Amino acid sequence: MSHQPEKPTNGWEPRIIAFFCNWCTYTAADLAGVSRLKHASNIRIIRLMCSGRLDPQFILEAFAKGADGVLIGGCHPGDCHYIEGNYKALRRFRMLKRLLHEMGIEDERLRLEWISASEGEKVRSVVNDMVAKIKALGPLALPSKIASWDEEIAGNQELALEKEEAQHA
Amino acid sequence: MKYLYYPGCSLRSTGRAYEESMLALFKALEIPIEELNDWNCCGATAYVSIDETEAFALAARNLELAENQAGNGTVDLVAPCSACFLVLTKTQRYLSTYPEVSRKVNDALKTVGLEYEGKTRVRHPVDVIVNDYGLDKVAKHVTRALKGIKVACYYGCQIVRPFATFDHPHYPTSMDRIVKAIGAEPIDWPLKTRCCGGSLTGTIQEAGLRLSRALLKEAEKRGADVIITCCPLCQHNLECYQGRINNKYEETIDIPVLYFTQLMGIAMGIPEKELGIQRLFRKPKFTSVSAKGGEAVHV
Amino acid sequence: MSIVPIIPSLLVKDSPAKVPRKISRRIKFESELDLSFGESVAERAYGENLLSCIQCGTCSATCPLSHYMDYTPRRIIAMVREGFKEEVLNSLTIWLCASCYSCYVQCPRQIHITDIMYALKREAIARGGYPPRHPIPVLAREFFSRVKRHGRNTESFLLVSLYLKTNPFAMLKEAWLGTRLWLSGRLSLKTESIKRKKELRTILNAVEAEKGDGHQ
Amino acid sequence: MSKTNGHEIPRVGFYVCHCGHNIAGAIDVDAVAKYVATLPGVVVSRDYKYMCSDPGQELIEQDIKDHQLNRIVVASCSPLLHEHTFRNATEKGGLNPYFFQMVNIRENVSWVNDNKAEATEKAKDLARAAVRRVIHHRSLEPKKVEIHPDVLILGGGIAGIHAALTLANAGKKVYLVEREATIGGHMAKFDKTFPTLDCAACILTPKMSDVKNHPNITLWTYSEVTNVEGFVGNYTVTVKRKPRYVIEELCVGCMECIDACIYKEGKYPDEFNVGLSKRKPIYVPFPQATPQVVVIDRETCIDFKSGKCKKTCIESCDRDAIDLKQQEKIEQIRVGTVILATGYQIFDAHRVPYYGYGKFPNVYTSLEVERLVNASGPTGGELILRDGARPKTVGIIHCVGSRDKNTNRWCSRTCCMYALKLAHLLKEHTDAEVYNFYIDIRAAGKTYEEFYDKLLDENIHFIRGRVAEVTNWAARPSEEGKLVIRVEDTMIGIVRRIPVDMVVLAVGMEPKSDAQEVRRLFNISCSTEGFFLERHPKLAPVDTFTDGIFIAGTCQGPKDIPDSVAQAGAAAAQALMLIDSGSIELEPNTAHVVQEECSGCKSCLTICPYHALSRDEVKQKATINEALCKGCGTCVAACPSGAIKQNLFEDEEIFSEIDGMLDLQLVGTNKG
């Protein structure tokens, strides 16, 4: 297993997982499509009924499985289809942001945006902006970091060395 | 708050009276202002016609120098000449709107170790007086009543559009409000933002003169005693070519054209000499009327 | 830069209502057009909306100079779009634009018409396709080189060199105004200049070096 | 392969749709199908021209039978469009419809990406995620809810009136709620209607009285909806009935009280005549107002302002209908469906000061001119200007506040035609020279073009050009005292100055200023422009994204009377469909508590906005009332022990979707 963070190479493209609520932001992304508003292809959208469904674990899972950024899209304050799910999302987002900060994950990698069903243009600009910012940061490569942390915790330095040697061979 | 002052080339020659009167006015109102060190040409109209990016770079150097001279925080750079004001605000707008412009200009600035961070705000003296200083305070400085004097406020094109935000691009009112504050009477004048002809009075002169003539005639028709402007080129066109317009089109127009700072200065009793009144070709006929408690008579 | 010589050929006359009684052949073949002209101008002039023009004529109607133009601004936009490069670059319209930005603020499609006019002027100057001794390009060139040398412009010197390069006799016509200006202290004969000239030149040279793809 | 819920071995069928050129033009669909075929669990992987077509759906049905498929994934357009279609196909093939997952590779991929290689990669990622997700899907039953047969219609303009009558005639009970003191809306203010030139009042007022007299319609004017709760089939709506200080049931509309008012003349701007005349504080909006009930405006009535009025109005009423102490009334109603027909407002011409509205008295908006030419208008149909003169020349400026990025971008659709109509009427009333200044004439409608032809024959001027300014700057003696219009005649290519006596601004239509509040109240969306958003622009033009809420008329976008009426009929039919079917199937995306895993911590109890969660005090565990649950999933995310599950959005489903998208391959292994 390699411990070096993957350096940004010419081939590297950030991967961003987006969680969009069904009523506002997902519809806005559809609108962006219908309006042919071209944007960076680095985003992968997961549809939830409400941003309130967003379990912080989903975000951690995304980072842990190799996402370079996570974007959350919900209805504007006061517009939630389920009255106040977006406020819950905001609270969890703030909490998680602090946690990620502790973990050394840059602020720009987790983003929350209120995008209403009519704001197809905003989907484009937010995605493009986020991709540009994450490109500037480079890969997060959390999976390999986690692997090295795990091994450190286990104190299993020898095993790590062995594996490295095996790879060189 | 201290303002930085960007004179521009015109205020050092044809627009000298504008500089003199503005500085005298700021002094009287106790608005602190200091000249921008080593400012260069803004990169006006003529320069843009040759190389636009270089023009942006010229303007950006001034913005950067202002930022530098001010130290930290934002800084207000006062540009009285309309053309300079436009070019500087436009540069700022385009630097923030078009990443390509911003990259080219900043790369060029970097070659001499400069970097513009976007902390300069370009201001026009009209904006500063109306929105920062306040007309209530202006009114308190008035010592000569200009009552009954009808003033046509001429904004010209480039201070209200398209990048300024302090007034309406079609129907600006800032100067009209200044005129009211100093006790004179602004007239309703539909041509207040119509072009005076700009540099065409020199190049394709007949077209330029006709534009100035339309402005002068309408001001005369609406009973203006004086036209005030806030741009050295407008002032030059409307004043210096009045004789030629009269000759050419058999008109008998005779309207003094003052900088708004001069009119304010007169109302505040600042000596004529400090306001550069002696440099005018057509002197205002009411300047000698001192109105200590009495009514000013306009001729 | 206000007192500049006048070229007799550019004097404005009221246009005759009568059409000259001469038959002329007017037709345009697609092969005579430069079909990429519109896009290339749009790209250079922050005219990203140029192609969205609906030909409503607001620009022409709000323009204080459109009645002196050979083509109204609206027609210039249409011609740029359709690739009438020769007509556009040889038109008087682009030189009559006084940069008052009326059209820029009122255009319902938010087309940066003033910027487009500048881009056309630059292209015309660059290829030399303007009338000889035309004062506007000469003025622009003189201004450009003075600022490049000194960092500032001295209006009096600008004018003198301009007269010499266009129409020396016109200087006499304007002399009275110059004298009055000089007497009232409004025409300085001292060369205006900045201190760090080298710094400025380095910046401008850097911009120039950056070019190369022909974009300005 | 990971476990499946049915303990069966997953057999996934995958289908990627070309959507003609829409998808196949931007994504290498063949490569996607070939790639998905290599994924674990996938038995069939195909690409097909149009998956939503009958043969496309049959393909799924047939494959389920032939290959014993137990999971289906279709990569095509947005699930908001065709999820239902493919669930049906899945069901027809013999599977539970929820063993299906959709991949959006059109709106989310092919339409927004230019680079074919990148788009194909993205499509593969999304397909892989869906394949992994669908394996976890469970068999579910849709939730059924009853539909309450009563309908609320908001807005009493022509659209609301028509929808109300349609439903009432079908035997349904309708509540028609109108904010103003009368129904009729904008149409009641119009003079003639294009292109037939029949009088608006003549065709509208009979319908207004039908509304008033219909036994199935409850008409509440001067009323506003303040709160909406519930969901499709079961809405509880709170209506505030503002006091009009006249008892509606007693007033017969004799108007003697108005004559008796201590104001001898009208003093305040008359809203119905758009400020062109004055009314008293006690008034009836217009002669045919429905209901025929007087209203007292507390803002202007002396008694409300000072308490020192002789109250002559009260004395004059022999039915004692005036009650100055009347309070507002709150009504609560239950309805199953709602039709919003809240209309539009005209563009405020002050926003384009270069046309001089508000500065020059002889510059009018088109709505003011409608009143001016109307026989019951402020001048009795005499066309005289504010200064008392008759105009000899009139300029009508089109597209004021339309097709302009600085104000409103859209075409208001009706202005061309009503401007033509006004041109005709002005010519007829005054024989003036009438100029139309237009950008394009849009006369697309049955017999509209013919109307335009007629106008041309009437010798009305049509100048193609957008006016730059209206001034009182006279450049010639002939322009003195006139309003001067400056325009380029773009057909001739020359700038013209045209002096006129009267300017008419053909103002556009825009969303009502409170459209956003109404939208929130009913939980629907607005388009970028601010009009209410329909579920699908072509196929569901009167539905919204919220079940049971329909839209009709100009609140959805600019349209003329025939189109508003057509939409109103359509909305009524949609409501009828729900009501008569008696019930509706809802997404089974509700949450439930797995009792064994619940620790009884109560974290979830306060979080539910619908109070669907409660605590079983005996078992010390949370339970969910599925009838109340709307399926947002907020409680699921909040449960610390993972005991709450949301159907269709279970943790495993979402985790597998995330994992599938990222397809983590640690260095050293081969990338798929």
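First chain written, first letter: the chains are A, B, C and D, and each begins at residue 1.
Note that in this section a contact is a pair of C-beta atoms (placed from the backbone, for glycine too) under 8 Å apart; a residue touches a chain by one contact, two chains touch by 3 or more.
Model, not experiment: these values are computed from the prediction.
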Sort the chain pairs by how many C-beta pairs are in contact and tell me the top one.
B-C
Would you mind pulling out the distance in Å between where the CA atoms of chain A average out and where those of chain C do?
51
Chain B to chain D, mean C-alpha position gap in Å, rounds to 49
Note: chain C residues in touch with at least two other chains are 106
If I count partner chains per residue in chain D, which residues reach a count of at least 2?
354
What are the touching chain pairs in this one?
A-D, B-C, B-D, C-D
Touching residues of chain C toward chain D in the complex: what are they?
54-58, 60-63, 66-67, 71-72, 74-75, 106, 108-110
Considering the complex alone, what residue numbers of chain D touch chain B?
353-354, 471-473, 475
With touch defined as at the start, can you tell me which chain A residues reach chain D in the complex?
1-2, 13, 15, 17, 22-24, 26-27, 29-30, 32-34, 36-39, 41, 44-50, 52-58, 61-62, 65-67, 78-79, 81-85, 88, 92, 116-121, 124, 143-144, 147, 167
In the complex, chain D touches chain A at residues 78-80, 104, 106-109, 111-115, 118-119, 121-122, 125-126, 129, 520, 523, 525-529, 533, 545-546, 589, 607, 609-610, 630-634, 636-638, 646, 649, 651, 654-655, 657-659, 661-662, 664, 666-668
Partner chain C, residues of chain B touching it in the complex
9-10, 12-17, 38-41, 43-54, 57-58, 61, 86, 94, 97-98, 104-105, 107-109, 111-112, 114, 156-158, 161-162, 169-170, 193-195, 197-208, 210-211, 233, 236-237, 240, 278-281
